[in-house]
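Notes follow once the structure below has been shown.
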Amino acid sequence: MPTGSPKYRLQLIQAFSLSENSGYQMRPMRGPKESMLMNYTAVAPLLADAEWEMHPGPLTPHGDWPVETREEFHLVGAARLPIVRQACESGKYNGIVLLGGGDPGFPEAQEIARRYGIPVTACASAQMQVASMLGSRFSIIDISEAHNMRMHSLVVQYRFADRCASIRNINFPLPRPNHTEPRPVHLEKARFERDGRCDMLDAAVAESIAAIEEDGAEVLMLGCSGAYWMQAPLQQRLREQGWEVPVLEGYRCAIQQVKLLIGLGLDVSGLAFPSDLPRRWRRKKLL
Amino acid sequence: MPTGSPKYRLQLIQAFSLSENSGYQMRPMRGPKESMLMNYTAVAPLLADAEWEMHPGPLTPHGDWPVETREEFHLVGAARLPIVRQACESGKYNGIVLLGGGDPGFPEAQEIARRYGIPVTACASAQMQVASMLGSRFSIIDISEAHNMRMHSLVVQYRFADRCASIRNINFPLPRPNHTEPRPVHLEKARFERDGRCDMLDAAVAESIAAIEEDGAEVLMLGCSGAYWMQAPLQQRLREQGWEVPVLEGYRCAIQQVKLLIGLGLDVSGLAFPSDLPRRWRRKKLL
Amino acid sequence: MPTGSPKYRLQLIQAFSLSENSGYQMRPMRGPKESMLMNYTAVAPLLADAEWEMHPGPLTPHGDWPVETREEFHLVGAARLPIVRQACESGKYNGIVLLGGGDPGFPEAQEIARRYGIPVTACASAQMQVASMLGSRFSIIDISEAHNMRMHSLVVQYRFADRCASIRNINFPLPRPNHTEPRPVHLEKARFERDGRCDMLDAAVAESIAAIEEDGAEVLMLGCSGAYWMQAPLQQRLREQGWEVPVLEGYRCAIQQVKLLIGLGLDVSGLAFPSDLPRRWRRKKLL
Amino acid sequence: MPTGSPKYRLQLIQAFSLSENSGYQMRPMRGPKESMLMNYTAVAPLLADAEWEMHPGPLTPHGDWPVETREEFHLVGAARLPIVRQACESGKYNGIVLLGGGDPGFPEAQEIARRYGIPVTACASAQMQVASMLGSRFSIIDISEAHNMRMHSLVVQYRFADRCASIRNINFPLPRPNHTEPRPVHLEKARFERDGRCDMLDAAVAESIAAIEEDGAEVLMLGCSGAYWMQAPLQQRLREQGWEVPVLEGYRCAIQQVKLLIGLGLDVSGLAFPSDLPRRWRRKKLL
Amino acid sequence: MPTGSPKYRLQLIQAFSLSENSGYQMRPMRGPKESMLMNYTAVAPLLADAEWEMHPGPLTPHGDWPVETREEFHLVGAARLPIVRQACESGKYNGIVLLGGGDPGFPEAQEIARRYGIPVTACASAQMQVASMLGSRFSIIDISEAHNMRMHSLVVQYRFADRCASIRNINFPLPRPNHTEPRPVHLEKARFERDGRCDMLDAAVAESIAAIEEDGAEVLMLGCSGAYWMQAPLQQRLREQGWEVPVLEGYRCAIQQVKLLIGLGLDVSGLAFPSDLPRRWRRKKLL
Amino acid sequence: MPTGSPKYRLQLIQAFSLSENSGYQMRPMRGPKESMLMNYTAVAPLLADAEWEMHPGPLTPHGDWPVETREEFHLVGAARLPIVRQACESGKYNGIVLLGGGDPGFPEAQEIARRYGIPVTACASAQMQVASMLGSRFSIIDISEAHNMRMHSLVVQYRFADRCASIRNINFPLPRPNHTEPRPVHLEKARFERDGRCDMLDAAVAESIAAIEEDGAEVLMLGCSGAYWMQAPLQQRLREQGWEVPVLEGYRCAIQQVKLLIGLGLDVSGLAFPSDLPRRWRRKKLL
């Protein structure tokens, strides 16, 4: 390793971007990379020893509003794959971090990057991995019925069902045309920053305590990246009430996981992500 | 129900189509609907009491060859969703059958069709459902490392892991540019029709017996729709050797399942597939 | 298949019949076949394309009252088996539907019918199969402590424990000599038909909502055939409250499942239901 | 407890008896109680501190040959229940031991005896209980395809699936009319007693070693009571080969378990085996 | 077996002893063996047919107060092992019973005793074994957060997670220096003996009912040996309220289990507890 | 964070040390820290950005030979805890890495360090965590029957049973007095370094391939730290044969995991590792 070359060279890729005219923007879709990364201040220390670029993510194919349904997650996942491939082909990165709470296109991105030996991490997956280091069961504090089902599907697909105590819904769905009484999460965040409290955080505290007392959660993670700003205040509120429970968010977990993998020289198993022309094949695959 | 109106009005949708110039075609991509449905003779009796249309499926976005990797399944799944929506909006169908062995876009299609109260079935899902009616564990006879992982992912996602004894690989990957010694499954089928045997079927017999004797399979299903033609000869070969094991394929299972659901007036649960604006919401989702 | 021959030739078999003098009759035990089939109007459309006969079921061996305990289920199950064999031997049927909520004698009936290649379905089993097509977990709305344990035993035996969110008890036990304050389910049904409501349905609504909100149910099924009449009103009441949850009952599910199997030419796996003199044997059986 | 009164007063009940003229008898069906208990010498020490009676079991309802299929197990199970009730009503016993390898009528017998506070044990159940005290997984050495499925069904019903490594078939089916080349297990036993070896024991040794080496078994139990005589010689043969694995049989396990329960004053939980008129009822039953 | 020789020769070993000067003694640490065995009257009948000795257990290495944390359990477990070895080497015993609710050093003791063919039982393990004979799921009524985690760890380690409905905390932590408001369990016991009730028992009743009604418990066991005195009064209180649920405690279960094993001539599997120089080795160990 | 202060301040603690006179030493027990860390060259890059100290571990309490049995693991685990506490109390470290393949005293160490907010990692645990990031199932390549059981116990305790395909035994037990034909692993390592091959590595290759082909492993980890030197050559040998499977060893995984946790400011959940005087307590703990 030549002296002075940075160890971590990361491509961060947003899940999606909206048009400049969209009335449903919840975060900056363009500008300096730091401005595009929500809650940058909290994340910055973990990026201090890395070179990193930010890709704003694909324009949403489904309409000019955020992603929440199965269909929308599938479509933006597909749209993100060419960006992943391009990042791999560029030769500039030794790790890719998929931003966004619901991991659109994650396993497919891992498959693509496998050909280049580049690890890819994603925010829900990384939180579940870290959660399983901290306690026996975690709950997901999440934002809406539709988003819950995405998280549910990820828990099953990643085989963390035995470790997931519950998915708790605080019911702040992402804004979209058919909503008559939207309560956008970024406005709740602004309210919290102004007033030190907001309905969204109060609901998260209530559901977190229910997850601890009723569902058996020992760790909490956040479902939607639009809710990641709650990590610190939710943790604090719970500590104030005497609950010594860690609260996770996805950006930092995904960044730390990709750094762990880069350090170990690992991406994913070629047996779990075989190429279309594998050197060896197995007669059977067991569950 | 007005007299004479047909009970079942089905839209069948292929997983994908290739261009006319593709060198990797394994089935007719256009023509009369019957010609586009592989193994039509075997399937026809189950369509006799139905009105049905065939959609050839989206042109493959990934390249002019069949679907086999995670990425390819994701991309064609995304490309199939507009076809599903169109079928729902047309008002012409009371059931949709997604053809193809790996169910691209299936849960998303169910979500779309939920808004219209139309049941959707898919070939891998339907086989697993039927298999669980017949015995306690099934094995999947499948064609390649990459395709196996798709089947594996579906088994986990559909929560049939406890019922899946194994996925057995006969290693006849679908043809694609980088294959130097392709053994296309449709040529194996032609060979069987000519000679009464072929390597692919022999391998399927061997892996089926291994699944029975070593893995504990009580039912067999086929992974790739390009292998569905083996259903009858594989069943026969196993019976000849004394194994009283049912062999399934996806087309008939998916058609029968959609008819079952139409008869019951069901599509999917609105709690499993909530809309983006559900009338009621739950505080928690348990695994 | 000769022209004009009916496709489905079904034998329906009640779980049991009581004597003419029993004071505990909840449904007609004899008369035209339509009169013996509870909720005939709702079921009739699914029988329209079938020839069908009704067997009133064996006289209860345990006493002249309905079946509810483990012992009673076992005894009537044993008494039903000769009827199943007779139906198979008659050559008149290509499908058998076991009526009754607790499936007495079901696996044994499948074993008998296996020798004749005739599929058998049963009401609890069929509901669980259909429920698993609609969502990830179901709850059973059931009538009493003793009956709950029967349902519990079936869930375990059919290996649906992972998909069963709960068994909810509305506590309307079937009438029997030692009951001092009976609340027979058929009188509740009569009350509902007269008044548009009754305590039993109210309790079912309450437990259904608890199953959804507390237990994670996405689909509801009914445990006792004496409660199947609630399918439509319970569904309606839940929809009125905004819950988009499917409610199942056993008769229609079992009929649709047997038709699905007849269409596919399947009964059960000969490896799951081996004969006493199988052609091939396996060195091991895995769980 | 009055001085001199025996602590254990046991009713042993055979699974079934054949007629005097049956050509398929494998053990004495009548005579002194000791003569009716197979392998009496090995069992006697455990009965030394008990008063005990032997019931020969019901005459087989299905035909004059041993029990092996699902149907036969169900029918003799039903026929055994009145004997259980009679034993309870007699007031003579404080424990009931159901003999026979496949536990016909066991849960129903527990339900009956619950009303009298009398514990009931059975041979397969007791072996699984003891096996789970000795190691993490057990295999069942069993005699035929049909009998294997009975054992499989019991493993699932008793919820020991996670602890059962495999069911191994040595293929010595019980004699019955349609067998053309019977190899009755009692003749194998006679051969062993005469020659010190026999094919049945050799096969059991081979399958036991396969269970250890391939399936992960740490404990072995025997499926059919007709094979219980192999306990000591199988254990010895395995020890001679260096395998320090315990081999169980059902009679001693069931006797020891009933004595354990009598000493603790326990039978079964009234919540697992509720009466038809329980004093309290629960709103829900969880799996 | 020579006439007159006692069948059961048991060594009972306490989990730990405190110094004479400890201010945290909850039971006599020395004196006649009967006085050292808490609740002797209830246990005595099960020891009537045994010769037995009592070892007071090792002096606590961690400090002069009772065991409750992971660290303390580990340290006293280590300190108990030489006592186990000495008991084995003495040749005086054919069974060892480890007293104490949290089973410190149990699997290691089994490993040691395996070399001598002597069965060892322990109180939590034995209760779980017996509980699984009585119903499908049990709850543990336990005394504190820290002790709960020990019980949780045992449930997982013994592979009873599927059978454990919940661990219920009545929050009466064992006394230790940093407790400002101790509510020692032995004082609660004294209060109950004087007044017929106490807060600890009331809390146990409340949590037991919650375990039954909310968690699905069919059997109850007690976590801490300091709470074993509640077995009879808790059972009685629940029966008075109509709940027919068995309540277990560890001393009697462990004694009965060791007697069961002695009678069967069993200790543990040599494959689960291999020596450091096993006669045979396996290529693989499956979970 | 003051400029220049090192981010990671790690205490590495060996599992045990032997006396200077022991005939069973497999690695240096004292000397410069680098010399005490086996395979230092491979590990060094991951320690480059850390300040670190090495503790040689406690002298073995059980005898002057390496740890392999349950008893030995328990005793050295107990002996390591004071070292952990001392490291925490020193205030010098923000992370602790427990060396050694079998994680003696790990959960107890986590409990101790929780009071100081210091994360602790251990080699088996860390490998399982990393393995679950790379594929769906892993196998453990391990050295002996006794050591296998330790690994088995850890897999169960850490709740990775569903992800562990198998534990494969290459049968190179650690040297100890009763071994007549020892094949010490460090001599095998020396042989490999001299000759480029050795029996131990050959056996590991054979069992790795069996784990892939027969057990369904997608990732491989090493059980004993004495075998960690095989990581690179085993990986290479498998790649040469075409198997694209990652091979892990514990040192690097444990170091990377502790760095991940330090970066996130996490140790473990206070609900999973409650203190003896927690600020809040829960009424129930669910599995």
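We call the chains A, B, C, D, E and F, going by the order they appear; numbering starts again at 1 in every chain.
We take it that a contact is a pair of C-beta atoms (placed from the backbone, for glycine too) under 8 Å apart; a residue touches a chain by one contact, two chains touch by 3 or more.
Treat the numbers as computed from the prediction; the structure is a model and nothing was measured.
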item: Magnitude of the superposing rotation for chain A and chain C (Cα, nearest 5°); value: 120
item: Most distant chain from chain C, judged by the mean position of its C-alpha atoms; value: F
item: Far-end chain from chain B, centres as C-alpha averages; value: E
item: Interface sides of chain A and chain F: same vs different residues, half threshold; value: same
item: Distance between the centres, which are taken as Cα means, of chain F and chain E, whole angstrom; value: 31
item: Between chain B and chain E, centroid-to-centroid distance (C-alpha), Å; value: 54
item: For chain C, residues contacting two or more additional chains; value: 136, 152, 156, 159, 215, 272, 274, 278, 282-287
item: Touching residues on chain D, where the partner in the complex is chain C; value: 61, 68-71, 74-75, 77-78, 81, 105, 107-108, 111-112, 144-146, 148-149, 151-153, 155-157, 159, 161, 164, 166-169, 171, 173, 176, 178-179, 207, 210-211, 215, 272-278, 281-287
item: Chain F-facing residues of chain A, complex; value: 45-46, 49, 129-130, 132-137, 159, 162-163, 165, 212-213, 215-219, 241-246, 248, 252-253, 256-257, 259-261, 263-264, 266-272, 274, 278-280, 282-287
